[in-house]
Each structure stands twice: as structure tokens, then as C-alpha cells.
Amino acid sequence: MELDKNLKYDEALEKLQEIVTLLERKEITIDELSGKVKEAKLLVEFCREKLDETEDEIKKIIKTDQED
Amino acid sequence: MSARKKTYTLAQLNHSLERFIRDNFAYKQFWVIAEITKAQEKNGHYYLELADSKEGKRIAEMSANMWFSAFTQVNRRLNGELTKLFQSGNKVLLQVKIDFHTIYGLKLNILDVDPDMTYGDLERKKKETIKRLQTEELINKQLDLYLAPVIKKIALIGSPNTSGFRDFQTQLLENEIFNNFKIKAFPAAVQGEKAVTQIVNAIAEANLYNVDVIVIVRGGGSKMDLHVFNDYQMAKAIAKSAIPVITGIGHETDESVADIVAHISEITPTAVAKFLYVRAAVFRSNIETSFDQIIKIVQGIISGRKDEFYHLNKYLGHYTKDILVNHQQQLKDIIHEIYIESRELLDAERSRLRLQLNKIGHEALNKIELKKNLDLSSKMDKIEMFASSLMDQNRVKVANLNDLLAYLNPEELLRKGYTISTVDDHELNNLEGDFKGKKMRTLSHKWLVESEIINVKPSK
Amino acid sequence: MELDKNLKYDEALEKLQEIVTLLERKEITIDELSGKVKEAKLLVEFCREKLDETEDEIKKIIKTDQED
Amino acid sequence: MELDKNLKYDEALEKLQEIVTLLERKEITIDELSGKVKEAKLLVEFCREKLDETEDEIKKIIKTDQED
Amino acid sequence: MELDKNLKYDEALEKLQEIVTLLERKEITIDELSGKVKEAKLLVEFCREKLDETEDEIKKIIKTDQED
Amino acid sequence: MELDKNLKYDEALEKLQEIVTLLERKEITIDELSGKVKEAKLLVEFCREKLDETEDEIKKIIKTDQED
Amino acid sequence: MELDKNLKYDEALEKLQEIVTLLERKEITIDELSGKVKEAKLLVEFCREKLDETEDEIKKIIKTDQED
């Protein structure tokens, strides 16, 4: 399973939320279950990367400022 | 007048009186109080006119004289005051004896004088004068006049030949402090009978000039001399003068009425001069001091302003720098805050993700557990139950059939002796109609019998 | 008399039922009687055995499950 | 008896339910009974395995995440 | 991203404050975050330049004054 | 600024002292300051001249009110 | 920026004081800052000139007085 590279963080987060809701409502079969969890994992990883990237960018921005 | 009369010559009469008076009074002496109405000195002898008054009316008059020897003796005892006592207007206490001279008539010969009487009388008179001046509102009249702080034009009233007069001028014009004065002298006697009149006139005269002040001086003198300055007329003239009057009439203790009435009184002419030049000097000094003060204060104000200014200028730089530094810090703070908040946001997001994933995992595992427990186990339980039920049911069914079989099995009946008979494989009981002549088969425990039906009739 | 080894429980039960019905209705001839009775007895036994076998099997199946 | 390896959990569960229903309705013969029970047993085992597998997978996902 | 050349210091500061408030209230998505931080950085730089300019101007003014 | 020629000594002094008081109380503005000093100077000079000038001879004047 | 030629020293000082107070209380925006400082500078110069003028005038008065 691959995630769309153009996926936005919020979209990813939304998808993650959908999975949570799906699970909470038990609207999921066992066959889909591990797939969904895997997807969730991917989404979480995707989000984390996005977060890390964002943090790096911010650090870079702030760092140049503090070096002033 | 025609009747013959005893006549005497005037000389006879006067001799007779002379004798009488000498016989009766020659050795008697009297202390007499009287007022001097006229006093005259001739060759060292004093001739006085005495009078006594009651309610303004003259009720007695007498001439008196004091011979040179008596005068000199008494005058010496009274420190020369006697001439002052023998002034018209003075009330005197005199020791006299009565003299009668055929030519000069009745006279009192003064042997001694008690001055206290006169002094007391003078004092009383002075008090009366003061009281009168008070009643007439003259006593403080001079004080209403304006006395310039610098007095340069002076009318000087006094006796030009006295030391007081000279001292005054010398002090005024030769001191080193201030001597820019102009003096006009108005000569007047300051003692003796003419003094009052002359001074009054001098005051009136001086009032016609453009002077700043009238100064009346006298170079000191006796107690009786001073009495001139207690004169009502003089005091009135001073009080009414339109020009301020300053007195310097040289006395030690007693203040004269003139002093009281005058605008200012000094003890001596010198003191008046000093008063005048000091006054001018003080004024000059006040002026200079004020100006110096102004300059000093102004310089202080300016230097204060410059200080104020210096500080304002300094603060201007300081506060401006402060503001800029503040803003720099603010920007730094903002950037820092943004960084902190961003990281917080990111961290929060990370926790959220972890939470979500955990939740998903948890839910998934829960679901699996549920399936395991509920789905599978329950289904298996159900299967067991239903299978067991099915088994039981079949066992019952088989058992029932077995029972039925045992019940229906004819072999037991046969063993007990019953038989089964059939015609055409039909049991007898089921037969209907006429079956006589047919072949019947009968089964017993032991035998199978075949027979022919001969007769048939119902069994009951 | 032997029963067909391939006989099924239900067939056996049916046969048994038939025999019982025949006996009830007395629609059995004197000649067949003892044979049928004998057959019925065999069928009963057969059924019982089958039931026992099945029960054992099931028990075995269930047992292994519960042992899990 | 072998189960189709491609069988899905839900299909298996459905089959299991069918067996339950069959038994409940007694629409089964004694002859089929042990077979059906065996089948049910197999299905249950299949399902359980599936669940275990899924559980393991999920645990693995979660575990690796928590190790991050 | 470019800042309006006519932007005033106070406006820039206000915008900065808005960004801070946005962040404080977490009213910002992760997708917007680095963009906003970048914007903040630009605003800060802009403000600094303004401050430096102002400082220079004031120094010039104050200097000429002190040279008097 | 001109002084009244008929100004009296003590009026002049009073004016001077008023200026002193004014200054002491700081009830004066810088704008008025040199004006006041100038005025003071005039007053002082006026007094000095008046003090130093040689008086005219004392002469008879006609005082109508004296004749009353 | 020009100062009113009729401005009085005290008014100028007051204005200056106001500006200083404003600065002290930091009640001024950076945008206004250099403008205000410039104004303050003008006021300072104005006041200084006024003070110098006044001082000169007074010195002149004193000098002429001392020469008397």
C-alpha cells in the first residue's frame, strides 16, 4: 500500500480519524482490520515525516534568526 | 473838698508805708507761688512781673526782683538753670520778702528759688499740650506724610552759630557714604523767648520751598531750654507742616513735644544727618542688592534650564535607545515564542498521532478479542449444544421405535399361546364379507396351520 | 441377516419406522414377520451404534477445541 | 476435509453461522452431523488463526510504533 | 512570499502577534505551520530592518546634536 | 522700554523687588527673562542716576494749597 | 518639519517634555519614533538658541552694568 505523495497532513490526519471512527463503530471486518491498521500506521508515519520535515524547516528558519 | 482836711505829702505817706512795711514785714520771709509774666535782666539783676490767675482771670499782680548776688548764688546751686526758670509763662516757687520803696513802690525781693515747682508745672503743661494735640488730632499728623527713601533737599531750621547746626551740616556733606545733599538754612533762635515764634515762622517759610524734609536742630542745652520745644504753637506748626519734619534737638532723656509730633525724631543733629545719609545708602544698597539678586537668580534659572535641558536631551537618547532595544527584544521573544509554540504544536501533534495509532491498535485488538470470545467460542458452544440436542432427540427417537417394536412384536404373544390367522394374507379382523370356504393360515408358537373356513359368525 | 454396510443412519431409521408402521398396521404377512422383526432389531442396534459413534466423534472434536 | 486457503474470515464466519443455523433448525442428519461439527471446528480454527494472525500483525505494528 | 514594501512596523508587529496568537490557540494546521513561521521570520526581519533604519536615523540626529 | 520720569525711588525699588520675587518664585518664563532683566537694569540705572544727579538749587515754589 | 517661529520657550520645553514622557512611557510606535526624535531635536535646538540668546542678552546687560 502506497500513500499519495501529494497527500496533505490534514488529509492524512482526517483519514486516520476516519479509521478510528470506523473501528469505534465496529464497521469493519476482520479481513479489513489489519489492512486498516497498516494503513493507519502508514498514515501516522507519513504524518510524522511531515512533522519532522516541518520541524526541520522551522528550526532552519529560527536558527538563521538566532544566529543573527 | 472845701472842708479843711489834714493833708500829707506823698513822701510823708510813702515814708509812713515804708516804715509800716519795714516794721511789719522786714524780717519776714514768704514762699510764694506765682506765674512769671515778664522777665528782664539788667546789670546782673533780674526784674520779674508776677501774677496769679484764677479761671483765666488775673487776680493778683506784683513786681519782683532778684539782686545780682542772690541770683548768682542760687543760679550756681541750680547749675545755671535759673535763667531758664525766669522765663515768662513759668510758674515759680519763690522765697521773698516784701520791700517798699518810696519811689518804686511795693516790690518782692527774691531771696531763693525752688525749681521743682517750676519743673512740675512745666511737665504738667507738657502733658496738657500733648493732650490738646491729641484732641486736635495733630499728634500723629506728620506720620501721614510720605518720607522719600532718598532725601536730598533739606530745609534746616536752627541757630547757625550753634555746634548742632554745624555738626549737622558737616556730617551730611562730608561723610563718605552719601553726601549728595542740598541744604537751605532757615535760621531761628532755638532758645529764649523768640525761639517759638522764629521756629514757627521758619517752618512756614520752609514749607514754601521744594524741599524733601525739614530738619530742626539744636545743639543741646538745659532742661529749661528744651521747654521751648514743648510749646503748643511750635508743635502745631510741626504737625501741620506739609513737609515731613525731622527733629534733632539734642536731649538725653526727655522727649519733647516737638519730637513726638515730628515725623521722625533723632537724639542729636548728627544722628539726623546719619539717618539721612544712611537712608540714602540703604536705598542704594537695596537697589544694588536687588539687581544682583536678579542677576544671580536669572543666571541660576538659565543654568537650571540648561541642566534641565541637558537631562532632557540625555533622556531623549536614553529612552529612544531603550525603546529600540525593547523592540529588538520583543522581536526576539516573538520569534522564540513562535518556535516554542510551533514545537509544542508539533509535539502535540505527535502525541495525537501516537494516541490515534494506539487507539486504532487498541480498538482492533479489542475487536479481535471480542471475536475470539464471542464469535468463535459462542458459535462452537452453540454447535455443541445443538449437536447434543440432535443426538438426544435421535436417541429418544430410536428408543421409542425400539419400545414400539417390542410392543408390536407378535412373537411374544405367540409364545403365550396366541395365534395369528390370516386369509389371503389379511388378518381376520380386517376381513369383511363372505370368506367361507377360503383357506386360512394360522400361526402359533409351535405351528403354522393351514385350514379351510367352514363357518363364519361374529365373535360377539 | 446382515445390514448393508453403507446403510445410512437416516435410511436405517426410516426402515425401522417402516417396519414399525407395518407391524402397527399388521400389514405384514406371517411369512415375513420374523424376518422383519429381526431386521428391525438390527436396525435399532445399527442406529444406536451410529449415534454412539457420532457422539464420540463430536465429543472428540469439541474436546480438542476446548483443550485449545 | 480442507478449507479453501483463500477463504475470508467473514465467509468462514458465515459458513459457521450457517452450520449453527442448520443445527438449530435441525436441518441436518445424524450422518452429516459429525462432519458438520468437524467443518465448524475447522472454520473456528481457521477464524482463530486469522484472528491470531491479525492480532500479531496489529501488535507488531503497534509495537514498532511504540518503540519509535 | 513578499511583504508589502509600504508595510508599517506596527502593522508588521501586529501581524506577528496574530501569528503568535494563532499558534498559541493552535488555530493553525501543520500544513500551514512552516509557511506561517516563514512569514513570521520575514516580518521579524522586516521589523529589524526598520528598527536598524530608525536607529541609524536617530543616531544621526542625536550625533549632530552632541557635536554641537 | 521707557520708565516714567516721575517714578519715585521706592516705586522703583518696589518694582525691582517684585522682579526678585517673581524670579524667586520662578513665575517667569525664559521668554520674559531678558526683558525682565532689562527692566531691572533700567530701574537700577534710573535709581543710580537719580541718586547721583546734582539737585537743582532749593527754590521757592508756589503752593496753592498752602495758601488755603 | 518647521517649528512655529512664534513658539515660546516654555511651550517648546513643554512639547519636548511631552515627547520625553512619551518616550519614557514607550507610548510611541517605531513608525513615529524618528519623526518624534527629529521634532525633539528641533525643539532642543530652538530651546538652546533661546537660552543662549537670553544668556547673551543678560551677559550684555551685566557687562554694561559692571562697566558703569
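So that you can tell them apart, the chains are marked A, B, C, D, E, F and G in the order they are listed, and the count of residues begins at 1 in each.
Here, contacts are C-beta pairs under 8 Å (C-beta built on N, C-alpha and C of every residue); 3 or more make two chains touch, one makes a residue touch a chain.
All values reported here derive from a predicted model rather than from experimental measurement.
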Common touching chains of chain B and chain A | D, E
With chain A excluded and the rest untouched, write the groups of chains still joined, or say one piece.
-> one piece
At the largest C-alpha centroid distance from chain G we find chain C
Using the touch rule from the top, work out which pair, B-F or B-G, shares more C-beta pairs.
-> B-F
Equivalent interface positions on chain F and chain G, same or different at half | different
For chain F, which other chain has the most distant CA centre?
-> C
Chain centre separation (chain C, chain E; CA means) in Å | 99
Roughly how far is chain E from chain G, going centre to centre by Cα mean, in whole Å?
-> 33
Rounded Å distance, chain C centre to chain G centre (Cα mean) = 130
Just how far, in Å, is the C-alpha centre of chain D from the one of chain B?
-> 107
Mark out which residues of chain D touch at least two other chains, giving numbers and ranges.
-> 30, 33, 37, 41, 44, 47-48, 51, 54, 58, 61-62, 65
Per-residue multi-chain contacts in chain B, two or more chains = 291, 295, 298, 302, 305, 313, 316, 320, 324, 327, 335, 338-339, 342, 346, 349, 354, 357, 361, 364, 368, 371, 380, 384, 387, 391, 394
What chain pairs are in touch here?
-> A-B, A-D, A-E, B-C, B-D, B-E, B-F, B-G, C-D, E-G, F-G
Chain B partner, complex, touching residues on chain C are 9, 13, 16-17, 19-20, 23-24, 26, 29-30, 33-34, 37, 40-41, 44, 47-48, 51, 54-55, 58, 62, 65
Residue ranges of chain F touching chain G (in the complex, touch as defined) | 29-31, 33-34, 37-38, 41, 44-45, 48
Chain F-facing residues of chain B, complex = 148-150, 152-153, 155, 178, 180-184, 207-211, 242, 280, 283-284, 286-288, 290-291, 293-295, 297-298, 301-302, 305
Can you list the chain D residues touching chain A in their complex?
-> 8-10, 47, 50-51, 53-54, 57-58, 61-62, 65, 68
Chain C-facing residues of chain B, complex | 380, 384, 387-388, 391, 394-395, 397-398, 401-402, 404-405, 408-411, 420, 422, 425, 427, 430, 441, 443, 448
